[in-house]
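Shared chain: subunit A. Partners: subunit B in the first complex, subunit C in the second.
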Partner chain A sequence: MASHAQPVTDSTTTRPVQFKIWRGDASGGAFEQYTARVTGGMVVLDCIHQVQAEQVPDLACRWNCKAGKCGSCSAEINGKPALMCMTRMDTLPTDQPVTVEPLRAFPSIRDLVTDVSWNYEVKKKITPFTPRKPDRPDGTWTMYQEDIERTQEFRKCIECFLCQDVCHVLRDHHKHDEFIGPRFLVNIAALEMHPLDVADRIADLKDRDGIGYCNIGKCCTKVCPESITITDNAIIPLKERVVDEFYDPITRLLRIFRSK
Partner chain B sequence: MPLPQAPGFLETRRIDRWWIQPTLVFLGFGAFIVYSTWAALQGSNYFTGGPTHPGAQQLLSPFYSPVLWDATGLHSGHAWIGQQPAWWPTWLLFSPALFILPFPGLFRFTCYYYRGAYYKAFWGDPSSCGVGEPSFRGTRYRGEQKFPLLLQNAHRYALYIAILFIGILSYDAWVSLWSVDAEGVKHFGISVGSLVLALNVILLGGYTFGCHCFRHIIGGRQDCFSCHKHQHAAWKRVSWLNTRHMLFAWLSLFWVGFSDVYVRLCSMGIWTDWRIVG
Partner chain C sequence: MSIPEAIVHEHDVIVIGAGGAGLRAAIEASATGAKVAVICKSLLGKAHTVMAEGGMAAAMGHVDDRDNWEVHFADTMRGGGYLNNWVMAEHHAKEAPDRVRELEAWGAVFDRTKDGRILQRHFGGHRYQRLAHVGDRTGLEMIRTLQDHGIHQGLDVYMEMTVIALLRSGGRIAGVLGYDRERGRLRVWRAGAVILATGGIGKAYRITSNSWEYTGDGQSLAYEAGAEIMDMEFIQFHPTGMVWPPSVRGLLVTEGVRGEGGALRNSEGRRFMWDDIPEAYKNQVAADEEEAWRYVCGDKNAQRPPELLTRDHVARCINREVKAGRGSPHGGVFLDIAWIKSRVPNGEEYIKKKLPSMYHQFMQLAGVDITREAMEVGPTTHYCMGGVRVDGDTQMSSVPGLFAAGEVAAGLHGANRLGGNSLSDLVVFGRRAGESAARWAKEHGAAPVDNAQVESETARALAPFDRLNGENPYAIQSDLQNVMQRLVGMVRVQSELEEALGHIASLRARAANCGVVGHREYNPGWHTAIDLRNLLLVSEMITKSALLRPESRGGHFREDFPLRSEECTGFNLVASRADDGSMNIQRRQRPPIRADLQAIIERMK
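And then the complex of A and B:
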C-alpha cells in the first residue's frame, strides 16, 4: 500500500504498523509478527508496550525511564542498535515490518532482554579513580574548568551498551575475554585524562583490555545516544598513550632519561 | 557465555543503503591508487618551466617532489642531486617518484581515518556497522592488537616525514611563482598552476596538521591543561582540524592527484598554464 510507505507523523490519525519482534531465549528463538496501532509522536517502546498490553502479556522487555537516560531499553531496530524509547516511529519506514530484536553481542535471557552482566564484571577490573594527595589540609584540590572539560563528555555515558553491541570485536569476533569494548575505553579515558588521577592503566589497556583489537571503524561513535565521540576523543588518544609507553622508541628513551 | 551466533558475511537486518559508503570509499581509494601508481611509473612530464620550457612557470608535480635525481635526459631544475645515477640497474625502471611516493603513501595507509575506512571498504572488517563479516576471521581476528597491523602504531613517524613534505611542497609553490626566460632571467608571475600548487599545500596542511598523532603530541598527552596553557591552546586548534580530518583527507587526496594531472597535461602541451599576474 503506497500510503503505508510514508512514516507516521500525523498525531490525529492511527494506522496499523507491522512489527517483527524476536521471541526466544538462550536456546534459540525466531521473529514473530505483530501489529501495533501507531499515531504520530509514538516511539518504538510505546509500540512494544502496546503489543505487550494487548496481545502478548509475556513479551519480555527491559525499560525504566522512557527518557533516554537509564540505558535499559537498548535493542536493535531494523538492524541498528538503538534505544527503543528514543526511536520515534516517524523516523522509520512502515511499508515493511519494523524488526525489533535484542542486543546480539550478549547472551539472551528472554525476548528483548539480554544478560549484560559481563559489562559489570569488566568494570570491576578497571583501576578506580586514584586522586593525588589533596592540595590543602582540608582535603580539597584546585582544578580549573579547562582541566575537566575534556572528560566531561565521557561522563555523559548512560551505560546503554549500544556501543558494545555494535562493536564487531564483541559482536562478530566474540573477544569478550580479551577486549573490554568501547564503553570501558571511554571509562578509562575519563580516568586517565583526569588531572587529579595518578594511577596508570596504560599497561592494562595494551594487554588485558586489548585496546589494539579496536580497528577504529567508529561504529560505536555512530550509535552512542549521548553523542560521545568515542573513537576520536577516547579510544585514539588512549592508543596514542599506549604508543608513547610501549611502541615509540623515542618517547621510551626520553622517559629513561627523565627518570634518572 | 552462550552468545548468539555471529551473522554471516554481509548478513544484516539493516534496511538502509549501508553499502553505498564502503562502495564509494572503495572506488575513490581504488581510483587514486591506480592513477598515482601509473603517474609514478611514467618518470616523465612531471614538471614545467626550467631550462626545458623557457618562459613557463616552474611547476613540479607533488608526486615527484622532492626530485632527488631527474630521469635521464630531463632537466627539471628541481633535482637535488642530479641525473639518474649511473649505478641504477638498466633493467630496473627509473622514476623520481619511486623515491617519494612511498612516504605520503605510508602516511595515508597508517592514518587513523584511512585505517577505519579501508578496513571496511577493502576487507570487510566489517563492511559497515552491524553487517556480518566473512566467517574465516571469526574468533581468529587479530585487529591491530597483534602483528602485522600492530605496525600501524608507527603512524607518528610517518607524520614526522609528512610534516617535512609540507615544507618542501610549500617551497615548490613558492618556486612556481617564477619563470625563467631563454636568456636565463627570472620573472615573477602567478599562473593557474601556482594556485593549484598553493591550494595543494593548504589542503595537505589541513590534513597533516589535523592528524590524531599530532593532536596527541601537541598537547593531548597532557592531563592538566591549566598547567600547560600553550599546549592547551595548540591542542584546541589541532582539534578543530581533527574533527574535519575525514574532509581534509578526501579533499587533499583529490587535489594532490589533480595537481599531478594539471602539471602533467601542461607539461605535455595539452593544457596551457594561464598566467593571471605577471
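And then the complex of A and C:
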C-alpha cells in the first residue's frame, strides 16, 4: 500500500498577493493593480476569479474546465505564456506583483480575452482526414498500438494556442497570412502520421502553410502544457518530408519525367 | 414592428451547444441537406465533453466476446434502477458500436488491442470490458474528431453566444434569441427546428466536476418554452473528485483509475467497499483481492472488484467512511493505484501510460505523485440524469420542433448513469436528434417570430444594467451553491429539502434585484446574471422533485426513506410550468416495458 499524501503547502493561512492585470480593449489599455487573498494550492485563475467576483465583476477572462483539459484560460503570466488554471501561486515570486495579460500574438477583445478566430480559419483550410479503404468487410481497420503512438501524441493538443502566441513568426513578424504556426503544423503532423490517412499535404506545407518560416527555435515546445514535442516530433519530420518531396535531386528528376 | 436592434439569422435547424451531442446532431442534420447552425457558449472545441476521461461504452466485444447489446441494455437498466426510458436504452445499446466505428472513420485514434482492434476497458456497472478509450482523454478525442469533421460539413458556428430564450409561435418552436458576448449584440436565429445540447447543471452545487457552462440552460429554456422536464431528483455524485487543495475540490478523478485496479481504502487501510455489496450485484463481485485483480487483468472467470460497483453506491460508501471518522486528512478517502506496482512489471511507467492526465493533474495541482502515493478523493456533483423529457425514437420534446440530446435530455440513464454511457449517449442520440430535427424542419418549415416575445425577453435580459446599485450576481450564485450543497446533496431529508425551497425563494427575490456594472461587451457579470435565472430554476426542479420521491434509488438518497420502494418504480416525476407561472411536479406513470426487453432483463439478473 502506498504512503498517504501530506499537503505540500499550508491551505489554512491566507496571505495577500498583489496582481497587475491588463485591462482594456482593441483601442488600448493598461495594467491595473488588485490584491487577492491566496491560500495554499491556489492557481492564478482562482485569483482572477476572486478579483472578478469581489472587486470587478466585468473583468473579462475565458475559462472552462479549470483542469488543464480545454485550453481556454491561456494568458501571459509574468510575461510567460501559460494556462492560468495550471499555474500554481506557490510557483511564482510574490515579493513583486504578479502580472497577468492577454496573449499578445492575437488582437485584444477585452481585458484577458483575445480574438483567436484566425486559428479557426486556418484549420478549415487543412485537407481533412482521408482514410484508406476499410481493411475488413464490416468497414473497420486494423491498426497496432505502436503505429499510433506518434499521432496520439499530437492528438493530445488542447488548442490553447500558447505555441502560436510564443512563436516569433506570428508574435513579432505577424506572418499570419503566410504561416500557420506550430499548432497547425502539429495538426498536419497528426494527419500525415495517422496510419489510415492517404491525403498528401506536403505541397501545401511548403507553399501555403509556410513551414519554411520555422527556424526551429523550440519556444513552442517549451510552453506546451501537454508536453508535446512539437519541434522535434512534428515540425522537423514535416520539414524533412518537404525536403524529400521538393528538394531531393532524384525526386526532382522523377518529377520532371512524370510531368512530361 | 421590426425586431429591435437584433441581427437576424435564418436556418433550418439550430443546435444549441457544441459538445459531443450538439456536434453530432449538427453533422447529421447537415448531411440531410438542411441549413444548420451551431450556437455555443464557449469557443468551439472547449465544451464540457473535453473533460470526459474514461471512455465510451459500446458492446463491440473486442476484448470479451460474451458482450453484446442485450448485456449492455440490461446493465444500463439495472444501473438506472429500472426507471430508464427503455426505448432509449435499447437504441443506445444497439447503436453505440456503430457510432464508435464512425468516429474511427472520421479520424479518432482509439487505443488498440494486441490484434489491432479498438481496445475496451472495465468500468463500473458494465459486466464486460466495454469502454473504447484513448488513455484518460477520450472526451477530447471525441470532441476534436467531431469538430474537425464538422467544420468541413458547411455548418455555421456562432461561438461565445448566450441564449436568452427559445422563441415560440403558436404551440411550436420558431427560433432562438440570444446575444454575442464579444459585443453584446442581440441576435435572433429563426429556424424550423431547435436542438438543445446544452449539458448539465453542476454549477448549482459548490463541489462539482463541471465547468462554468453547466448552469442548466437547456433545462430552463425548455421549461420556459413549455416543455416537460423529467427525473430532476436524480443527480449523480461521482465518487472520486479531488478533495485537496481547496481550489481544485471537486475536480474529476476518472473511474478509469479503478478500472485499472485502483483500490479505495479508509484511514485504517481497509478496502471498505467489500463491507456493503448491494443485492442486485451480489453475484458480480469478487470474493477477495486476488479475484478482483484477476478481473482487472481480464480473467473472464473472475468477478469485479467492489470499487467497480455503480457510482451512486460507491459515493455513498465513501460518505459513510468519512462520516464514521475513517476518512483522509482532507475529508475524503484514499484511492490507491500505486499498489499495482507490486503486480505489474515496470508499474510506474504503466500507470503513467494508462492514466497520463491523472498523473499530470495530481502532480501539478496537488504535488502528489500517483505512482507512489495514494490520492485523496471524495464525491463531487457530476451529472444530471434528469432533463428534457423526449420521445425515445426522435428526441423531440413535448414542444413541437424542440429536440434535446445528451445530458440535457432525460430518459436513457434512469436513476443513475453508468460511467461510459454518457459519451455513447451523446453520439447515439445526437445523431437521432439531428436526423429527426432536419426532417421535422423540412416538413413544417419556419414559423413567424413573435416580436412581442423578443421585446419582453430582451427587456428582461437587459434589466440588470438599469439597477446600478443592484446586488452582485456572483454573491447570489455562491449562496445558491452553498444551499444546494448543504441541503440537496447526496443525502436528503424532508426538513432540509423544505428549508432549501425557502432559501431558493429568497435567492430568487435577490436575483430579481441583481445589478451589472460596465457595458455589454464581454461582461462576465452580465453572463452570470443570466446564468443565475437558469440555476435557480433547475435548483427548484431538483429540490421539489426530491421532495416528491419518498424512496432511495440511484442518484436520489432520502435518509427518511432509505430503501427502494416498489411503488415508486411505477412513475417518473415530470416538472412543467402551470398557467399561473408556478412549477408543477407530477407523477407520470411509466409505460409497461416491452415483453422481449423484460425477458432480457430477467435473463441477465
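A few comments on the model shown:
Just so it is clear, the second predicted complex is superposed on the first by the 240 of 260 C-alpha atoms of A that agree within 3 Å, B and C clash if a C-alpha of one lies under 4 Å from a C-alpha of the other, contacts with A are read in each partner's own complex, and residues count from 1 in each chain.
Criterion: a contact is a pair of C-beta atoms (placed from the backbone, for glycine too) under 8 Å apart; a residue touches a chain by one contact, two chains touch by 3 or more.
Bear in mind that the values here come from a model prediction, so they are computed numbers and not experimental data.
Subunit B and subunit C, once both complexes are superposed via subunit A, fit side by side.
Of the two partner chains, subunit C is the only one touched by A:Asn64; subunit B is not.
In the superposition on chain A, contact is made by A:Asp244 with subunit B only, not with subunit C. Of the two partner chains, subunit B and subunit C are each touched by A:His194. In the overlay built on the shared chain, the residue A:Arg104 is in contact with subunit B alone; subunit C does not reach it. Superposition on the shared chain A places subunit B and subunit C such that, viewed from the Cα centre of subunit A, they span 140 degrees in steps of 10. Residue contacts after overlaying the shared chain place A:Tyr144 against subunit B and subunit C alike. Taken over all C-alpha pairs, subunit B and subunit C come no nearer than 10 Å in the superposed arrangement. Residues 143-144, 194, 197 of subunit A are contacted both by subunit B in one complex and by subunit C in the other.
By the touch rule above, subunit A contacts subunit B in their complex via residues 26, 76, 78-81, 93, 96, 99, 101, 104-108, 118, 143-144, 146-147, 149-150, 166, 168-169, 171-176, 178, 192-195, 197, 210-219, 222-223, 231-232, 236-237, 239-244, 247-248.
On the subunit C side of its complex with subunit A, the touching residues are 42-48, 50-51, 101, 104-107, 109, 111-112, 115-117, 134-135, 137, 139-141, 144, 148-149, 151-152, 182, 211-213, 244-248, 251-252, 265, 269, 328-330, 334, 336, 338-339, 357, 360-361, 364-368, 372-376, 472-475, 478, 516-519, 521-526, 528. If you check the complex, the residues on subunit A that touch subunit C are 1-9, 11, 25, 39-43, 46, 52-54, 57-72, 86, 88, 109-111, 113, 115-116, 120, 123-124, 128-129, 131, 134, 138-145, 148, 151-152, 155-159, 191, 194, 197. On subunit B, the positions that touch subunit A within their shared complex are 1-4, 6-7, 12-16, 112, 115-116, 119-120, 125-126, 129-130, 132-133, 137-139, 141-146, 149-150, 153-154, 156, 212-213, 215-216, 220-221, 223-227, 232, 242-243.
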